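Both of the next two complexes hold chain A, though its partner changes from chain B to chain C.
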Partner chain A sequence: MPSLMILIPLFGVIILNLVFAVNSRMKKAAFWLALAIFSLQVVVAVFHHPALWNDSLGRIDSFLNVSFFVDHLSFIMFICIGMVSIASLFVARYGMKDEDDIFKFINLLIMASIGMSGIVMVKDIFSLYVFMEITAVSSFLLIAFPRSLESLEGSFKYLILSSIATVLMLTSIGILFLAAGGTDFDAIAAAIGASYENALVLAAIGLFICGLFIKGGLVPFHGWLPDAYTAAPAPVSVLLAGVVTKSAGIYTMIRITTSLLPHYQSVNNILMLVGTISIFAGALAAIGQDNFKRMLAYSSISQMGYIILGLGTGTILGIAGAVFHLLNHSIFKSLLFVNSAAVEKEIGTSDMNRMGGISQKMPVTGTTSVIAFLSTCGIPPLSGFWSKVIIVIALWQAGQYAYASLAIIASIITLAYFLSMQRRVFFGKLRAGLENLKDAEGGVLTVSVVLAALTIGIGIFFPFVFNTLILPVKEILVR
Partner chain B sequence: MTANVIFYPIIVPLVTALALLVTPKKMKWGKEIVAIAGTALNLLLAIALFKSNIYFSAPWSGFGIDFSLKLYQFSSFIILAAAGFAFLITLYSTASLFNKDYAKPFYVYLALSLLMVNGAVLADNLVLMLFFWEGLLVTLFGMITIGNKHAFKTATKAFIIVGISDLFMMVGIALVAYLGGTITISQINLTTAGLGGLAFIFLIIGAISKAGSMPFHSWIPDAAIDAPLPFMAILPASLEKLLGIYFLARISLDMFELNVHSWASTTLMVVGAITILLAVMMALVQKDYKRLLSYHAISQVGYMILGIGTLVPVGIVGGLFHMINHAMYKSCLFLTGGSVEKQAGTTDLAKLGGIAKSMPVTFICFIIAAASISGVPPFNGFFSKELVYDGALERGMIFYVAAILGSFLTAASFLKLGHAAFLGKKQGNAEVKEAPMRMLIPMITIASLCVLFGLWNALPLNNLIQPILGKRLEGHNFSGLPTNALLVIATVVVLALALLNHIYGVKKTGKALKATDHIRYAPLLGHLYDMAEKRFFDPYNIGLDIVNFFAKIAAWFDRAIDWVYNILVVNAANLVTGLIKRLHTGNYGSYIIWSLASAAVILIFLIRAI
Partner chain C sequence: MTIINIDNALLIVTAIAAIWTVMGRSLLKATIGLAVTSAAISVIIFRLESPLAAVFELSVCAGLITAVFVSAISLTKPLTHKEILYASKDRMKRYIYLPVILLVLGAALAFVKIWPGLVIAAPAAASQPEARSLLWDFRRLDILGQVIILLAGAFGIVLLFGEKKNK
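Presenting the complex of A and B:
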């Protein structure tokens, strides 16, 4: 069954281009096909019935010569991927004028989601690299979609840095393949365990981690990220911030460290240090930004830092907190990018100096943004509060008192830049020239409201969500 | 009579206050009728209860805090006096506050004050008494705030001063409970040894500050200007004096066993003597009718404290007699002040003068009350002061000299006041008429009582004062003419000297208002006066300075914290942010260098161990 998560969207892309490409009416319907595919993905991931997932499909499975497996971490990632893709889909329909553009965008979006679905299901390191490249290539194209100078520049930077990551990871894979004689996770884990003190193996581990840092956009490997997020068209920003960096960088980091390098204190130390640097550098850089999307991009870096910091504890609670924050962040950050898309579309710019008091004219966008801000800053009872609290508690229990304190202090900086942004953009006096401002169209508003409701809902029903969805993730450590 | 009657002095004012609150605004005379009816009913009740003995006690909130009320000779006397003043001043207020928009709250507060006084006087449990005692502070605050635009500040001042001294009293009560094991007043029997002395002092502070003694006096002159006038007549002049001195007498006569030559007695006498002198010195130089009276309201408390502090029978009787006399003539004086203010439009002595002819009744009442306060025979003040002198002399010449000197200055200041306000040349063109009847009746009533209590002093002494002391007075009777002829002669001589002083002052300066200037600007004394007028000696202002000092330190500290948060942290964050922004040039080459350099560092870190 897991192979269907790849095969169905792949089949969908083929059908799209064979059947739906014939005339403009059919092209419009492509939106619904994509929506159906992503919705199906979310539904099967949420109600992950074992009978459905564990069935082997015989010949169908053999279409792809890759062995897949799924666990609870994969399900959470599926939910994120599906949800954010849907949000991106709605934003694309709202933001893009040309039907052909939308059609092409949908093709690329499905391709990217295939890549991400692959990432979260593979269990050998080379297939991981392949799916990562599928995602990356689709992302390059998506960022460059408007074919403007700015977007090409952003795409180019991502391409360059990504290539470096590719080089690092491929080198690492080569070394590990030499050491283990295979690329399967289990084989590599055994090899690493055996040659603990081999400099080459250690170098391979370091190179792989660095590659993932680049993919995840963590400081100081983050250079491409603000430019790419800002230059990308609105729906792509949603996708990039919501899932692409998360599945390619953060999820993989979680998978690699838990499967290949459990209890490897040096790696954990690197993770915590890089996480903390990211938290502070991202948050401090966010304070100085004038561009709405750029600020959100730096905020993303900062929040990725929290996830990596939680992961660095190496404890069950810390990893659970990291995964929980990953889920929450993908919800509220894509909400913020959806809203930024609405603001950008209605006002015509994402320069915060030309905004002000727009909550009066865009009440839904304003309100949901405030909810997302507060959740990001970790204000109870919103979802972000719980995941941050869990990370801080995990750090404390692991004896990392300094990191725990820093994580709390950084929350204040988060609050500072979001409050100042809130005042500049949403609250205060309506800026002259914005009198005729209208709120975004229904589809996007619905997405905003649903995501905001999820942020509140996860916060309020935190024990239920945490126990049923997040905590089973601990199996990845126990294994 | 059932024991429930004892609740009526509390219930009647309460019902009056509630009825006043629901009296419709549109009803003409509505609030006046309710207020007069309520206070009249209270007066009748007080007359009916007079000299009856009732005791009521019910468990209330545990820990020995019972709801105990005790009606006996002393408390029934205070309730009667309070009821009389409340009735007369309400009657007076119906005229003087007519058409004032704060009339209704004034009546409500007056009724509530009456409730609190009655409750505090009846209470036989210290905590219960404290409840009513503090309630009076609340109504005091409320009554001052409804005055002019500075009133709120003055009200706060009064509240803080009285509140702080009440705090002392609370500690005193706690000490009493700790030492004596009971807070039922009639069961307390302590000495002033050790902690008991501390408890005594704390309780005394509460009592004399309620009576308005120094150094807890400084809100009274301010309130005289800022608060509605009938307030001065009802609270600082009469009800608070009655309550404060009542409690002082209870403390020093019933609750504590004091010896005549104990330090406690001497302390009280010193406080009394100082209060007499300092306050009257200030009164002497006042240039406002009401403010001058208010200083006398402080000064006269000194006589009562001095009298009770002697702890000899004649002194105690004199102090208590002076308490009731003072309440009468001082409220009468304030009422004349109110008439003058209403009719002439001002109480500034510089703008008054020559109104005696147009306000003859007010003038006569003023003369009687002023003569009483100055101790001119045969008015009531003369007899009570003679008793106090007698007691003071028995304890020491110095106290007597202080008292008689106070008398001299009192007389001098009232000569000045009467001369400047009522006699002399007429100021301004406005035609001044006599006050309306409703204001005259209370003044006449009180003035005639002053005469009656003087001429027939056996009536109050034998019926009101002496029975309170019971056994202590065995074989004594202080009614009738003073026994010590020498003291009487001395008093008369002093009064004559005061008159001569006044004539000298008027001759020297040519103006009645400046009759005391030779004292005001005397060498050294003038300097002290200057400082006093700048409120240099006001304990409240000194306290404020101290508090301000600490507030400034706290504010600096606060600024420092603010600076850390608002300047340091923000600037530091901006600095770092600026640095980070400058690093992000958008040049992918540098981004690549960062990544590769960091990767190198990480590799070195991982491999370093080997």
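Presenting the complex of A and C:
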């Protein structure tokens, strides 16, 4: 019953506006309804009981004419979407004062999750585009949420670049439809296989991949990302960094390259090149930042590069490493953005020059941030270490020694900017004026602790997690 | 083959109207430019034997959206002469190369056979269903998706244009 992943949140939005919008007390309860929807999503994805996923909804499915499909990659994405949405929900309740704002935010958050859930279930390239647009429209509005000049500018930049991506992808879909006579993945894969060297088909593939690079914020198509992440309100930054760019850009890239383009070694070469450039450009740009969120945004670009680099190997191990890093990055980057929200709320700025020694006053935020930093840098035994190691091993096994070496060197740059950040923000002498600082409220701290525990737990129980959750993803290659 | 046939003329009109829309400094003129672009595209779609899509393009993009834009513009405050000068400073100079690039690319793609593989052997078309039944019988999920996009758009209007409390 995969269509329930769309229908339950959709009815959730309708119920919210018909039942929960009546008075302020009911609007406050909207938080719990959204929490229940996202928690349900995580639970059914973690346990993925076949009876639940393989059966159809009968008349409802036939009325909607849907034929969703889910595999282990979809389950991992559902976990990421649900988990990051929950984190974003708690940060919204912590950071937003006006209950009307929280209510509107919850509606848009659920709609964004509908879009992302659709992306990870469809097997039709045009439906994929439609669900990407749902995610994009919700994201534009979420970024513009505070209606400040900065947030409107960030939203507008995302809107323009996302529109360019849309034009590229729609053109590509049009050409592929012309070649295949249909838009489902199987028909397109067969048509691409038959027109392997046709210039127009190659152009269509190139356009689609460029569109996905924009959506994923990869260098040199990353112009919108730092502004959008920085200008967006804190809960939206959590959502964008944690899952939106991953669903719309990275997941789709994994799905498209493995389902439609397994014949093209040149695509893999481009992925590895763009991945490596993103790793270095993101890491080097992060070093020079003074804004906490902006630095995390550049760090995200760098980490996305690792995922694309692993995908570019085209091997089972490389793709498993890419998916594993996607899951890990979703967790530790969400954690960092949750903590940046706490710091920004308590201090009133995200300028690192006005911070210092805040671990003394915000011990939970400080400790969990250090865990997330170390995981990002690939320090054992945390989760980020294992996913990076797998990507490097996959590169080495594929004979890509130069890329493997560059991936290791880039980790040192990551360590450099995070050490600098820790010194400026969390450690050292407490900055004057911050004596009365206190840690964030319970809900946000709970989210931070849970995400930090996941970062540690996945690292410690790596063999179990990798074998049960990640390695089954290989089915996308052997199908 | 004559170079200036009706299809090429329509494409040129579309390109000129689109450039005018983007480059003009008056919102009202840009709206009219957009309507002309949409009208030209509608004719192209009609000539490609897709009358339903052409009617949609003409009624929604050239008609309805233009009306909404003009209504919205009528609610705005016009810029002062100083602000107009500031906004249009160097604007044309900065983007003067864009129409040139567009024209060169258009000419290259339209009249020069630059690449031998630019033709796709389309699969033999089965009996093509009519557009309306195609949408309803095969693309219901996409229609649902578009309804959700409209819902998100409605929230956007409430969010961005609604009055804030205590302000």
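For the reader, a short list of remarks on this structure follows.
Going forward, the second predicted complex is superposed on the first by the 474 of 479 C-alpha atoms of A that agree within 3 Å, B and C clash if a C-alpha of one lies under 4 Å from a C-alpha of the other, contacts with A are read in each partner's own complex, and residues count from 1 in each chain.
The criterion applied here is as follows: a contact is a pair of C-beta atoms (placed from the backbone, for glycine too) under 8 Å apart; a residue touches a chain by one contact, two chains touch by 3 or more.
No experiment lies behind these values; they were computed from the predicted model shown.
When the shared chain is aligned, chain B comes close enough to touch A:Gly223, but chain C does not. With both structures placed on the common chain, the touch criterion links A:Ala281 to chain B but leaves chain C unconnected.
Set against each other, chain B and chain C differ in how many residues of chain A they touch, and the higher count belongs to C.
By the document's definition of touching, of the two partners only chain C reaches A:Phe63; chain B does not.
In the superposition on chain A, contact of A:Met362 is made with neither chain B nor chain C.
In the superposed pair of complexes, A:Ala199 makes contact with chain B and with chain C alike. In the superposed model, A:Ile164 lies in contact with chain B only, and not with chain C.
With the contact threshold set out at the top, residues 197, 199, 202 of chain A are in contact with chain B in one structure and with chain C in the other.
The touching residues of chain A, when paired with chain B in their complex, are 153, 156-157, 160-161, 164, 168, 197, 199, 202-203, 205-207, 209-210, 213-214, 220-221, 223-224, 226-227, 266-267, 270, 281, 284-285, 287-288, 413, 416.
Per the touch definition, chain C reaches chain A in the complex via residues 115-123, 125-126, 137-142, 144-146, 148-149, 151-153, 155-156, 158-160, 164-165. On the side of chain B, the complex with chain A involves touching residues 573-574, 576-578, 580-581, 584, 586, 588, 590-592, 594-599, 602-603, 605-607, 609-610. Interface of chain A with chain C (complex): residues 6, 10, 13, 63-66, 98, 100, 104, 107-108, 111, 114-115, 118, 122, 124, 126-127, 130-131, 133-134, 137-138, 140-141, 144-145, 147, 175, 178-181, 191, 195, 197-202.
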